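Shown below is the structure under consideration.
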Amino acid sequence: MKGLYIGRFQPFHLGHLEAVKWILERVDEVIIGIGSSQYSHSLKNPFTAGERITMIINALEWVGIERRRFLTLPIPDIHTHSLWVEHVISLTPSFQIVFTNEPLTKRLFEEDGRFKLSSIPFFKRELYSATEIRRRMVSGDSWEELVPKPVAEYIREIRGVDRIRTLASTDKIKNNCTILNAFL
Amino acid sequence: MKGLYIGRFQPFHLGHLEAVKWILERVDEVIIGIGSSQYSHSLKNPFTAGERITMIINALEWVGIERRRFLTLPIPDIHTHSLWVEHVISLTPSFQIVFTNEPLTKRLFEEDGRFKLSSIPFFKRELYSATEIRRRMVSGDSWEELVPKPVAEYIREIRGVDRIRTLASTDKIKNNCTILNAFL
Amino acid sequence: MKGLYIGRFQPFHLGHLEAVKWILERVDEVIIGIGSSQYSHSLKNPFTAGERITMIINALEWVGIERRRFLTLPIPDIHTHSLWVEHVISLTPSFQIVFTNEPLTKRLFEEDGRFKLSSIPFFKRELYSATEIRRRMVSGDSWEELVPKPVAEYIREIRGVDRIRTLASTDKIKNNCTILNAFL
Amino acid sequence: MKGLYIGRFQPFHLGHLEAVKWILERVDEVIIGIGSSQYSHSLKNPFTAGERITMIINALEWVGIERRRFLTLPIPDIHTHSLWVEHVISLTPSFQIVFTNEPLTKRLFEEDGRFKLSSIPFFKRELYSATEIRRRMVSGDSWEELVPKPVAEYIREIRGVDRIRTLASTDKIKNNCTILNAFL
Amino acid sequence: MKGLYIGRFQPFHLGHLEAVKWILERVDEVIIGIGSSQYSHSLKNPFTAGERITMIINALEWVGIERRRFLTLPIPDIHTHSLWVEHVISLTPSFQIVFTNEPLTKRLFEEDGRFKLSSIPFFKRELYSATEIRRRMVSGDSWEELVPKPVAEYIREIRGVDRIRTLASTDKIKNNCTILNAFL
Amino acid sequence: MKGLYIGRFQPFHLGHLEAVKWILERVDEVIIGIGSSQYSHSLKNPFTAGERITMIINALEWVGIERRRFLTLPIPDIHTHSLWVEHVISLTPSFQIVFTNEPLTKRLFEEDGRFKLSSIPFFKRELYSATEIRRRMVSGDSWEELVPKPVAEYIREIRGVDRIRTLASTDKIKNNCTILNAFL
């Protein structure tokens, strides 16, 4: 059986890693869909799809997950939700079960009706959160312990914290919705 | 004389119904443009264009408005406002007067200059409000008395309240702009 | 039972009219989807969606088809075919059967699997052809007998033949693919 | 040497004018890119690209800057940031240095690495601010002294304050994110 | 009075230059719209908008046309023709007359009805033709005498002939519609 | 060293397979970019990106290529060629060399200048050609010997030949450019 697991992975953290391991105890192979793949260089989506794929592959190889057990695929956002399930299907090899905690993803696949759905247990959710990690990157707090080691190294290599801080370094958007939205 | 009446109708409620009746006392035929037609499955736009057209047709037949007196047409959002009036014109049979209380719609047709413009009296506005109805659906309050009976039935049939609640059921977006925006 | 009938209707001719009548002997109501609705002012798609809707309504009223038996809806082309069926569904009230002779439409609905499919008998196909009618409009041959009377009148009213001739009046594109494509 | 200076210029004010003068002390010619060029008729982007180009040309001629020293070019937003630098390059004659205080613009050109980058000194920033000017237009405060004289005249001529006030004249969006966002 | 002159200018040749001179005998200022501005690196559209703007500015300065008498502006294609006139208007300062020999441009402005229209005399049309020039570039024939001297120099500088030949150097598309279309 | 190899793979045939093997003698890992990934269900692009990824993975596993040596990624077409290289970069992990025989791909990467470029030897080109294979599928000739065995099986499983024949089964487009274009 093949599963689908979709996230934005901005960045890929230890909670995501635990989720992948948990999923691979239940299916033979997981398709990891990198959502909002066309976006990057914003507070909410700092990394490109290519960068996120690199993070995921490095992290999964680091814990010894075999390459034949996962597939990483960029899934660009289309803003017409009613077409989204077909859009995902057209970009992926066939799968039978969707793993998600995200309400919109869950609802769209439920209404479609062709796939099984499963929640994923959260792993120290308040800590292993991409929002929290981006917040720490901006404010200069420690974040490296929240992501797999090769992800931390890769973000250093591409100077990712610099990027997110430059993006946040405007005095115009203090204490407002843009900032709020970036941390959702 | 033919009139144009554009709304998002998320959902079509008794205030909209009163507006259509009021318009049909002034023109022979009304083109009902379903705005933001490509969007659905969000807190702000839960229903598809097809679902909204079904609501409107069922509601107008319920009060005995003849089918030859109205036309329902989806109008997808284009985000380039300067092209919007031409966009509407290209999708609709000819009309002479635009009925609207929406400032952007009003302004764009005013600057175009080719059409008459009319406001519409509000009917118990604080009550007959799509925002209020969606808020009630999410919070479990009663909403059915605010929409025409066949609209309530249709929303039950497609399990629309379930949909909007699933979309709202995320602990990530409590008390924030996304929620605020959804209720505008 | 409700049926779906999709065409470009450039313009709506007597063959289309016969098809609608034939369909209405089989279903209670037909949704007439105006395909490629965003295109106009080209040799292949001279008329806007609004103009085509006007033609269809005038023609069907002319033969006495009741308004409650048909619904005209613009369907913009999306060029990602794998999403097209969902796109149509999201824009239309529910239907159970699709009437089409167009291979792509047929195939996409077949692969989807949720709808019945039916061919439509052709009515003097070599004559009642939108391509042939546009060719006659360009070359100055008679074409009015190939469309319902109110359609001929409406095209005269909007000076449609003038439009198509202006579009064809370039000496640059003689005897070439653009012209060929326009007459497919 | 040629420079690039990108802004939204909603509207072009005295701070922008000082910036152009400061830039022209450093380069022979400046390409003025009108960002978000496809947007208009919103609280955040009230004016069309054509209107903004008119403002800029009138203002620069007013202070005697020769026409051969600047070039105005619309730059539509593409929302895929990773493509934005190439997008700008494809639309402009060649340049060697980018003048900007905007963090995203700065970061994207930095990562690209092919151009010099320079900040621009702010000129009475809290006053000469497009956000402040739009806020004053909405609330009826005086704003004309903050823009070059020909810009004030042109905005009067096209009834720009009327436009922005109509856009703001909705009781639905009081005290919320839409308004907040409009003034960023 | 201001005029609008729209072309693709792939490349800008002596016929275009004569047209601009002819137009400037009739109006004070001409807005030169660079059509299909988003396209480049194809047989039909080899040059970017930025490259075409450079050609035009260099050519007009070469014949001594003052900079204040012309404005170059990229006009991206939108494929919905019914919106095209508004699209042009939104991107340009105001103008009163449109100079064009192109049937679609002519027809769209005619139907709009707000502008004067004028044809432009052809200048050795079979020779001064962008199609003919691109054909010569591909086949290695001499073409430099058909464009203003600074345009020939600029195309050499950016190795433009190399580009067009690489694009044509595929054995797959011999003698077919793609090639035919490229030379329209 | 990592290489990039982009194709449409409609379908993935023995020539593609030989190319991948040849590339893997020269680099450690190859990123296989599935071009025109959003298109499917046409004569030129019959298969979805997901179907093409399935073909490639099955074929490479069949010849024993280890999963860690290749990565399959969908690359949607953007029609603005000047942005295409950045678009590819944003979607892929880093690579150093591009393998291609396609003139446009070659030219765009050449002008970019950041990557090495290499041609690929053709393997019985007139035979191992996706165009030839699609032609045979339409006309009922044998084609299975031209693709890797698991690709033939997969195409049978998804009834791919049926799909391509249905798409071709229109009497309207005999002997014309659409057909010609489909076989380029």
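The first chain written gets the first letter, and so on, giving A, B, C, D, E and F; residue counts start at 1 in each chain.
Just so it is clear, contacts are C-beta pairs under 8 Å (C-beta built on N, C-alpha and C of every residue); 3 or more make two chains touch, one makes a residue touch a chain.
Please read all numbers here as calculations on a predicted model, not as lab measurements.
S.K.: What chains, if any, are shared contacts of chain A and chain F?
M.R.: Intersection of chain A and chain F contact lists gives C, D.
S.K.: I need the common contact partners of chain E and chain F, sorted by label.
M.R.: Touching chain E as well as chain F, we find C, D.
S.K.: Is the contact between copies chain C and chain F built from the same residues on both sides or from different ones, judged by whether over half of the numbers are shared?
M.R.: Counting shared over all numbers used gives less than one half: different.
S.K.: For the two copies chain A and chain D, what rotation in degrees overlays their C-alpha atoms? Round to the nearest 5.
M.R.: To bring chain A onto chain D, one rotates by 120 degrees.
S.K.: Between chain A and chain B, what's the gap in Å when you average each chain's C-alpha atoms?
M.R.: Comparing mean C-alpha positions, chain B is 35 Å from chain A.
S.K.: Averaged over CA atoms, how far is the centre of chain A from the centre of chain E? Could you give it in whole Å?
M.R.: Each chain's C-alpha centroid was found; their separation is 45 Å.
S.K.: Could you please state the distance in Å, as a whole number, between where the Cα atoms of chain D are centred and where those of chain E are centred?
M.R.: The mean C-alpha positions of chain D and chain E differ by 28 Å.
S.K.: Touching at least two other chains at once: which residues of chain C meet that condition?
M.R.: In chain C, residues 38, 40, 48, 80, 82, 89-90, 177 touch at least two other chains, as defined above.
S.K.: Run through the chains and report each pair that touches.
M.R.: Every touching chain pair, ordered by label, is A-B, A-C, A-D, A-F, B-C, B-D, B-E, C-E, C-F, D-E, D-F, E-F.
S.K.: Inside the complex, what are the residues of chain F that reach chain A?
M.R.: 37-38, 40, 48-50, 53-54, 57, 61, 66-68, 71-74, 76, 89-94
S.K.: Provide the residue numbers of chain E that touch chain B in the complex, in ascending order.
M.R.: Per the stated touch rule, the residues are 80, 82-83, 85-87, 89-90.
S.K.: Which positions of chain E touch chain C when the two form their complex?
M.R.: Those in contact with chain C are residues 79-82, 102-104, 106-108, 110-111, 131, 177, 180-181, 184.
S.K.: Please give the residue numbers of chain A that touch chain D in the complex, ascending.
M.R.: Touching chain D from chain A are residues 38-42, 48, 163, 166-170, 172-173, 176-178.
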